[in-house]
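Two complexes, one shared chain (chain A), two partners (chain B, chain C).
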Partner chain A sequence: MTDRIITIIPIGEIDSSILDFISWSIEETFRITTARLPNHNLSSEIPPPLYGNRYNSTSILQHLSEKISVNALRLLAITELDLYSPIFSTLYGEAQLNGKCALVSLHRLRQEYYNLPPDQTIFLSRFHKVVIHEIAHTFGLIHCIDKNCIMYPSSNVIDIDEKSPLFCPSCNPKLLSNI
Partner chain B sequence: MKHDINILIVDDELIVRKSMSNWLKEDGYLVKTCEDGYAALEQIKSNIDLAIVDIKMPGMDGIELLKESKKIDPDLPVIIMTAYASIDTAVQAMKEGAFDYIVKPFNPENVSQVIERALKFKMLEKENLLLRKELEKKYGFDEIIGKSKKMEEIFQLINTVSESDATIMIRGKSGTGKELIARAIHANSKRRYGPLIAISCGSLPETLLESELFGYEKGAFTGAHYSRKGRLEMADGGTLFLDEIGEISKKTQVDLLRVLQEMVIYRLGSTKPIKIDARIISATNLNLEEAIKDGRFREDLYYRLNVVTINIPPLNERREDIPLLANYFFQKFTVANTKEIVGIAGEAMKALIDYDWPGNVRELENAIERAVVVSKKKEIILDDLPETITIKAVKTESEPRSLNEFEKNRILQVLNENDWNISKSAKILKIDRGTLYNKLKKYRIER
Partner chain C sequence: MNSKYQRGMKVIPTGERKCLWMEAGVVSYKLCTNQYQCSICDYDRAMSNRVMKERKIAEESVDIITPKKEINVWVEEFRHLPADQRKCRYMLMGEVPYKICPNSFRCGECSFDQMMQDRKQPAFDYSVKNYEKVAGVYMYDELQYFRNHTWLQLERNGKYRIGIDDFARRIIGKIDGIELSAVGKNLDFEEYCLTIHHEYGDLELFSPVKGIVDSINQEMLDNVNLIIDEPYQGGWLMTIDPISVTKSNKNLLKGDEAKAWMIEETNLLSKTLYGELGVTLADGATISAEISKNISSEKWKELVRKHLFVR
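Now for the complex of A and B:
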């Protein structure tokens, strides 16, 4: 039995106000309740970091989907770790298309990372967009050509900042019929 | 469209196959994966548009696979994946005819570009194929069927106007297939890869129609919880089909005229101009010239919309097309129903040809669909057709119609002409809805 819940699992220490924010964001967007697991430590279970402390995102996702059993519809992992994938040198998040798990890194979403003064609003807006985008992938949505749509693929934070936090008129009905 | 593009990934590492295929699927491609060159060659024999191949694999390596693949499908673009260490071999791969090479780990933007270029190369062939198919259909645009002189003139006109961006107005009675004509024009125009956005102006109240057409910004009115594109904006790069244009209010007429003059829109609640590039096709079953005289329709808008007119004749003015159409629909519905009926009997066909078809092609389509469903014989016979059609057939041989019969036929005719809209029909018949319902019951009239 799976419950209609999206379970959030923090990987390492994550500020609880950030987790509260994203729970609310997810519930507002998908109309699905969220739950939270205690912090999870991965270090011993996944390949060691590469490229100066970046972790393999696909391995983490695989580990999560095989080792963590929860009765949830979806599992969202959030981490401060910097990520890479077997094919990409950096990424903000990764999801299993039509699958159960999604992973999002906060590492490159803050203004401070780019040597700019901190801005919580900008940070949370990026965080919202990346999380909703990745979870939508698990519900089968693919990338959209509409630059304003949240499903537009972003390869840097400027792309993320430019798109809207919403689904366009062609993605929205697909989402509604898939959830 | 990406959803019919097949990409093959060949890599001995499971995690690379997984990660790569997930990423390409997120972009909307269909993905197949193989762990070695031998399996890959089997796949290449089927329908593959692009192969992305790791250069270092045990057994058959990437370069060998590339050479072998050229023997099976010389046009298949192959992209080689390599690590920094093996760039020399990547260069060798290019000499062997690889389309390009990408270095792991990738920069996503970069890889997307390489893939798109490779596919464009492949796509040119597919496009040629499409063009050929369209030429074959030249004298039968999908469901628009006819060999009468009037229809051949229309096909000619569609061909001519499709190529230009001229604004077109399609005139014709209800059920003559105005939307099909609009679709044919779009499908044959250079905008065919853009969207075709249709909106039925008659079915929406003024305020809703305006927000549908122009879109709105968050907070433009109560209930506008987020911004939304309008149909005009959505049709950018394509065609906008405005059906029942004669029904729009005077205010919307003014707004629409301004858009057509400037090709710029403002979403409701916004002062930001948005440029649009859309071809406008409109349609109506009303007499707009009369509406202009009565002051219900703006003359300037009429001239904007009516650069080219396509008049679709009612079915009873091209009776020679009825057998062709009837047989076409017959085939369409027997396939859908998997019934073993072989054709339409002579007397039934004669009734079809003689009938007046106030509901035009749509009424004919409905009649044939119903006949296929109720038919119990090898052929469709007179009894399988709706009574309205057969009454007329009998009439030609028997006594003049009674007053009741006349009334029944008149009601049916009005209903058909107005898409079975009861209120509208009652108004035209100058009776109230209740009376109309009673008469439907009395004459056992059903849709």
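Now for the complex of A and C:
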């Protein structure tokens, strides 16, 4: 029996205030309760990093789907690790379409990464959009051509900043019928 | 002075040019979007049809039967213009300071036109800079994209320059060698014009334009991986003297339409690459140029078939 819960699993150390923020974000958006697992360290269980310390996102998703058994509707992993996938050389996140697992990296979401002064508001806004976007993939939504829609495929943080945190009139009904 | 011409006087934005229908005074305002290549212009075709239809109705009403023939009405209108207003198209394009058309705009029969056409190929315009990344793929606003992931750009001399787009080069990954149609070859719609030798097998791409191969990028032939390294610049393939592009218009995309298509292509890419996890959708900065290294040759062949329409 699967509980109607979205479980959050931090991979490595993640600041608890960030996790509190995202739990609230998810509950507000999807109207589904969240739960949290303790920090999970997987560096010994996945292939070593490539391309200057980037980890294979698809391998991490594979690991999550096989090794972490929780009675949850969805499993969201959050990491500070920098990611790549067989399709993208650098990643913000990846998720199983109509599947259980989603993964988000914080690595490239902070202003500091781009040598800009820290800005927590901008960082949390990006984090919120990427997390909601990835979870929406697990509810069957694909990439949307509307630049303002949260399901627009962002190629950089400017794209993330420019899109709204909302689903467009075409994506919203699809989401509602799938959750 | 011709009164119709007077009525047509309007401000032409800098860098824009009057359509010949406007220049001839048939319409009051229309800008040229096709480098005066009227033979490939939808507007020219529509206007010619409309005027011929009107003329036919007028002729039928007075019972005069004239043989049907293909004509450009602006050509006729030009003949009625005062001599100093029959500007040569190279003057209209700003390529020569002053030249009056001696030929009623029958450029195909004009020796001056032939001379201008025979000039050395202008170098590729590296000023195309309005690029944007769409779903991890670089796209240029100035280019048109065909659905087989070739791009085309209309040059100042009326020829189309073609190449492969950023998405195609990332899927192809590495090129072992190529074969191209020869200069002078008459290419039909969607006729194969490029063979790429790849470690997973040969693939053949077709031309997005119907026309005659006008030139081939020699520098690229000496270093075929320019196609991969600079797909929009040094890696261009050939120029084509167009006969028509209109038949394939539904497959020819520009601006927002092209960007929406690219997003759909990346959705399809993710779906094709499903694995043990089913389909996963990733969000990132740039599509990897090493996709082919991470998949089987069978999977790769499926990708190039679906996206590049190769044979």
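As a convention for this text, the second predicted complex is superposed on the first by the 179 of 179 C-alpha atoms of A that agree within 3 Å, B and C clash if a C-alpha of one lies under 4 Å from a C-alpha of the other, contacts with A are read in each partner's own complex, and residues count from 1 in each chain.
What we mean here is this: a contact is a pair of C-beta atoms (placed from the backbone, for glycine too) under 8 Å apart; a residue touches a chain by one contact, two chains touch by 3 or more.
What you are looking at is a predicted structure, and each value in this text was computed from that prediction instead of being measured.
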Q) If chain A is used to align the two complexes, do chain B and chain C fit next to each other or clash? A) clash
Q. Of the two partner chains, chain B (first) and chain C (second), which one does A:P86 touch, if any: first, second, both, or neither?
A. both
(Q) Applying the document's definition of touching, compare chain B and chain C: which contacts more of chain A? (A) C
Q: Return first, second, both or neither, reflecting whether A:P169 touches chain B, chain C, both chains, or no partner chain.
A: first
Q: Scan A:E94 for contacts with chain B and chain C and give back first, second, both or neither.
A: both
Q.
Taking the superposition on A as described, I'd like to know which of chain B and chain C A:P153 touches: first, second, both or neither.
A. both
Q: Give one of first, second, both or neither to describe whether A:T33 is in contact with chain B, with chain C, with both, or with none.
A: neither
Q. Of the two partner chains, chain B (first) and chain C (second), which one does A:Q111 touch, if any: first, second, both, or neither?
A. neither
Q.
Quick one: is A:H143 in contact with chain B, with chain C, with both, or with neither? Answer first, second, both or neither.
A. both
(Q) Once chain A of both complexes is superposed, is A:S59 in touch with chain B (first), chain C (second), both, or neither? (A) first
Q: Report which listed segment of chain C has C-alpha atoms clashing with chain B; options: 147-155, 183-191 or 237-245.
A: 147-155
(Q) After overlaying the two complexes on chain A, where does the chain B footprint on chain A coincide with the chain C footprint? (A) 58, 62, 84-89, 91, 94-97, 137, 142-143, 153, 155
**Q.** chain A to chain B touching residues, read off their complex
**A.** 51, 56, 58-59, 62, 84-89, 91, 94-97, 137, 142-143, 153, 155, 164, 166, 168-169
Q: Name, in rising order, each residue of chain B that touches chain A in their complex.
A: 13, 15-16, 18-20, 22-23, 25-28, 104-109, 111, 226-229, 234
Q.
Per the contact definition, I'd like the list of chain A residues that touch chain C in the complex.
A. 57-58, 61-62, 65, 83-99, 101, 108, 130, 133-134, 137, 142-145, 152-156, 159
Q) Residues of chain C touching chain A in their complex? A) 133-137, 259-260, 263-264, 266-267, 269-271, 273, 275-291, 294-295
